[in-house]
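Here chain A shows up in two complexes: once beside chain B, once beside chain C.
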Partner chain A sequence: MTPKAPAALAVALALAVGGVVPATAQAPIRIGASLSLTGTYAKLGKNQHEGYQICEKELNAKGGLLGRKVQFVVYDDQSMPATAVRLYEKLITEDKVDGVMGPYSSPVTEASVNVTEKYKKVMVAPLAATTSIFKRPPGQKRNYVFMVISPAEVYLEGLLDTGVKRGLKTVAVVNEDTLFSKAAASGAEEVAKKKGLQVVFKEAYPKGNTDFSALLTKVKAANPDIVAAATYFDDAVALTRQMKELAVNPKMFGVTVGGDLPEFYDTLKQNAEYIYGATQWEHVLPYPGNQEFFDSYKKEFNHEPSYHSAAGYAGCLIYAEGVKRANSLDADRVREQLLKLEMRTPFGDYKVDQDGFQVAHKMVTFQWQKEKKVIVWPEDLAKGKPLFPTPPWTSR
Partner chain B sequence: MTRLLVPLMLVVLAALTVYPIVGSGYGVRSVQQVFMWITLAGSWNLISGLTGYVSFGHVAFFGAGAYAGALLVASAGWPWPLAALAGGAAAVLLAVVIGYPCLRLKGPYFAIAMLGLNEVLRALVSYFEGITGGGNGLSLPTLDASVPIYYVMGVLALVVTGLSWLIVTSRFGLRLMTIREDELAAEAMGIDTFHHKLGAFLLSAAGPGVAGALMARDQGYIEPISVFPLAITVTMIVMALFGGKGTVFGPVIGAVVLFVAQEIVWARYPYVHPLLFGAIIVAVVLLMPRGVLGLLQQRYRMPRTI
Partner chain C sequence: MNVVITPAMLAQVIVSGILAGSLYAMVALGLGLIFGVMRVINIAHGPLLMLGAYATYFLTTGAGLNPFLTVPIAMALLFVVGVALQRTLVFRVVDAPELSSLLLTFGISIALVNLAQLAFTSDLRAVEYITGAWVVGGLALSKPRVIAFLFAAGVTALSFVLLKSTRLGKAIRATSQSREVAMVCGVDVARIHMLTFGFASALAAAGGALLAMIVAIQPEMGGVWTFKSFLVIVLGGAGNYPGALVGGLLLGLVEQMASLFLTTQLSEVVAYVLLVLVLLVRPSGLLGGRQT
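Showing the complex of A and B:
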């Protein structure tokens, strides 16, 4: 045999067995992302990262993309937009990645997208829920950024709708003073107005806030039926704890992000009972491939995925589908495919308008009941009835 | 020593001048960040290194400059170089307002006031949503000006360092250091301590103001939390301490070494870098309280005025 013969034999074998050229034949497709692995959004960013990892693994198991292996290149931006901007520039100009995926959170995406637009890179941004990132004033349009999750404005709709149907009249809205949470809070106000709920109190607190006693004292004085909090994880936990300490007893209390994490219950234990949360995704929802994703994720990382994991996973699948249909990594061709793509992912439906703005995906509202998240809204996806009203802290 | 130093500096300057032609986008932005940190650490050094009045809120000037500059660009349509100068002016104005009452007092009041100033500014920016966009942040029209901003930031770092040298080698600088060593004695010798401190303080505010406005333009998006974090103040202090506070080139050394170290550590060890950074701080404070340059000046025959 000549020296080349074993290699030729191997290829022939692989062809015979798999029926495809092995994915390792060419250099891998490298996809870069900056993620919040440390800092304020660490927990959520890490889940998103794990979603990307499952996607990477799965794509490679199916023979890669365009016949090439897929490899993620991930850096940590410490939850800071300024760092993420630098890292995307590094990924694109130094590491020369073939494609990019979005970072965690709206503010970080808002800053990073300036870089990806500058270098004409398609960025599927699976965890940016702020409308203004996609809907731009004339003359400042963005062409290469795509939305996956439902917009921030609809997060608290399910909570308020459930309350109104049970005859509640007043609501207090509190939020972290950042891009996403503000949009969620003003969305809640809109919904309240439409449904005839009276907003009796509204206040924002800065990112990283840990002491909510002053805020909650004012909430208590306003005595609302519903407390709607547009939060991330840390503040959702702190708010709940301090509501108990100060005996703030609304008939319903709901948070936005963070409340759906298993860690939320692990940290708060029975104090998490009765709390409502909004989520983009639950593993019990009947989307194709959802259960398989849940199982392989749990096996890989020894904990359950959150919607951030699922959105990251689905965002990556959507990008891969765009590349597959374009049969190219060229930004303009992938963009064209992503604009007309309609896809049912394990995370839910994907379809965007001409601004890359998600129009098909649905939010659900759940309530923590006996250590489990039970979906209570919307009715067509609900798996149970809300335990209503929430009893005061003293009688739980 | 100086005979070696001058040609070396010229070579470095020449290399930095041509760098944008050969460097990648990331490289240019990173060096530009080094310039920014030299500006910040050098400016902090002017007030805190020389007079001993420690400012725990210097990021306030950075943030004020960022917002002033960004607003002038976004709402009034100013060209960014002019807006950057205005950012510096805004920071100096702020320094007058805070420095005039606080620097009359001796002792820790100034440090505490500066710490508060930063929080107050952040709250104000969040509160006046109509103008600043509040927590939504402020998005500037897209513009690719990385390379011009690189040069302007470079000149800024050069100006701050040159200014430090002028001050350290002047009578004004000597008087400032006298205040640091013993303020009462300085007064007894007839030094107008209040006006000297105020002068140094105003000079130290200008650089961060301009740098903030440039950063805002370069990034195209700012929000209160990303331009008023305590972390920026801490980093500039650590850089100045590491290089050698009260010296001219100490902040430069600190900014270059720590930025590069951080950038390398960041990419590879996301979970341990705060730990490593903390360990460096502890090691520096314990083993070389005068910083790298202070240590060199002590060990070898080196001029005290660099």
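Showing the complex of A and C:
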């Protein structure tokens, strides 16, 4: 007998005798998630985790969900898809959690979603931005996965659109060779074609690459007006440093993920100036509850939330809303509600199509200006003008 | 859509390859020494490099030292760590079958990475000191990488002087050639093992300290360096110390050339295909193994 068994027995006895117990004495609703707490995506995965934590705290402060407390069960997948697959199996079959939330990043979600679909678990995947996870060929449809953030393909649209409006003609696209970055890069290529920009160079590099000299030597030779890089954090930093070292001087340089983190500026200092980034969320955006979320997050964790934090937070709120409306944890009933749901969270709008693909949320483009991220695109949300063109490294 | 490769680009990439290769050579020399002297493949070599990088980070941000001044301090610290590891753990597997030493050092490596995650967290850190480049006749020479190259070349040269000309170095090489004969000649083999492990850890630390100024520091940064160092000593000839120099520069150049002429994605593939080819055609490495 395990040490807990006598206690469980006592509870069972009490139940049998007493019949009804007050709602507060019910077991909590346990929500399982595998997150990248260490490894390449650690920084971003941790922010997402903190978003979940704020949501958990807030739901419990408001009396929980369906009258029960909410409790997250979180494991570390070390940023590795294969590990996440194992962890979701464990969460569902061994820990028998009541619900799941998504992991960090597209590659990890893509791998994990096979498990959650197998066991028919609704998974709101707040940090998966790759279209192919949701839009499936006939016969391989996925029914229980829901998207929260804008798809990877539109990340670099703001950068390219801003460039085209200022008369730029050519672009080089580089990307990490993983699911999200590839989608962001091919999305950028599509956008470039539509806007009449010529793609003069395109190349992928492996995850974990640290030396970009040869790649950037080729970029320099192609002499593009814009360098659009579909990155995560490490590679965004390394690319920036080596662009300076190799004197690669495009008129605009933009990255996707990582560039929006305060650490990006802390690491690169003034070398981060003029760099464009894309973000799903900023705390200055006028969404309801946004400022309150920002304040309580900062108080709790002593640092500012990134969009990963806000998406994690919002994803959890969306799942909770689905459960609330379904008045049940049953996957099919929650799914039905999530497909119909239209919601404005502190992260922005949520609405999905029949594939669970996000159609309402908006992306913004910013530029690092004097230690601050200034939103420069789209115009209706912009807070400032881009500093254009980016001066060469030698005259900054 | 692709770029025409000009001689200037080729020159640039050769420079980058040599700069990267010098670091590979210095770090791999440590792995090679341990293998030569103890017949132990030290999987924990990369994690020791990671500790060197953190030493530089904390000495720079905490104690306000110039990052280049921290290189010898990081080496000294890791020398002590290396000696301690050897005295407590590694000496037990020196005469054991090779699988035992692999498992032990693999275990040490996992322990070091996880301890680092606990102690330092997995936040990415960086030492932003010198950035940018010197431009010499159309060639851009990355400042941090050139300085790292000079340090690495200096440390490697000193290591060779130590191995060639000092009593200690001769004892290390003698132990590497034949432990029994060295022992008969009065060499304290246990002490040599200990010092070699410490010295090798110091070389890894030097690599880490210099890399701290080039790439982001995180607990898992070392893993790839174990593999690259292994690749280098196999290319150059395991147990052959000048081979590490040749292997290191070769690896740096091959990676950069593959990135230039093929794609960056393929550069690692090419490096490992080269490893397989060398193992097939010249299993003792390009310079032959075990001559010191």
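Throughout what follows, the second predicted complex is superposed on the first by the 372 of 396 C-alpha atoms of A that agree within 3 Å, B and C clash if a C-alpha of one lies under 4 Å from a C-alpha of the other, contacts with A are read in each partner's own complex, and residues count from 1 in each chain.
Just so it is clear, contacts are C-beta pairs under 8 Å (C-beta built on N, C-alpha and C of every residue); 3 or more make two chains touch, one makes a residue touch a chain.
This is a predicted model, so every value here is computed, not measured.
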Partners on chain A (chain B, chain C) - clash or fit: clash
Touching partner for A:Gln140 - first (chain B), second (chain C), both, neither: first
Partner chain in contact with A:Thr131 - chain B first, chain C second, else both or neither: neither
First (chain B), second (chain C), both or neither touched by A:Asn60: neither
Chain B versus chain C as contact partner of A:Lys90, first or second or both or neither: first
Which of chain B and chain C A:Glu245 touches, first, second, both or neither: second
Contacts of A:Glu110 with chain B and chain C, given as first, second, both or neither: first
Partner chain in contact with A:Thr178 - chain B first, chain C second, else both or neither: first
Chain B versus chain C as contact partner of A:Ala82, first or second or both or neither: first
Touched partner set for A:Gly208, first chain B, second chain C, both or neither: both
Clash-bearing segment of chain C relative to chain B, given 39-47, 183-191 or 273-281: 273-281
Common ground on chain A, meaning residues reached by chain C in one complex and by chain B in the other: 37-38, 177, 204, 206, 208
Residues of chain C touching chain A in the complex: 1-6, 9, 12-13, 16, 20, 117, 122-126, 128, 131-133, 135, 140, 142-145, 214-216, 218-220, 224, 255-257, 259-260, 263-265, 267-268
Contact set on chain A toward chain B in their complex: 37-38, 75-76, 78, 80-83, 85-86, 89-90, 92-94, 107, 110-111, 114, 117-119, 132, 139-140, 176-179, 181-183, 204, 206-208
Touch list for chain B against partner chain A, complex: 24-27, 29-30, 33, 122-123, 126, 134-137, 139, 141-142, 144, 215, 219-221, 223-226, 229, 266-267, 270-271, 273-274
Chain C contact footprint on chain A (complex, rising order): 37-40, 42-43, 46, 177, 199-206, 208-215, 217-218, 221-222, 233-234, 237-238, 241-242, 244-247, 263, 267-269, 271, 393
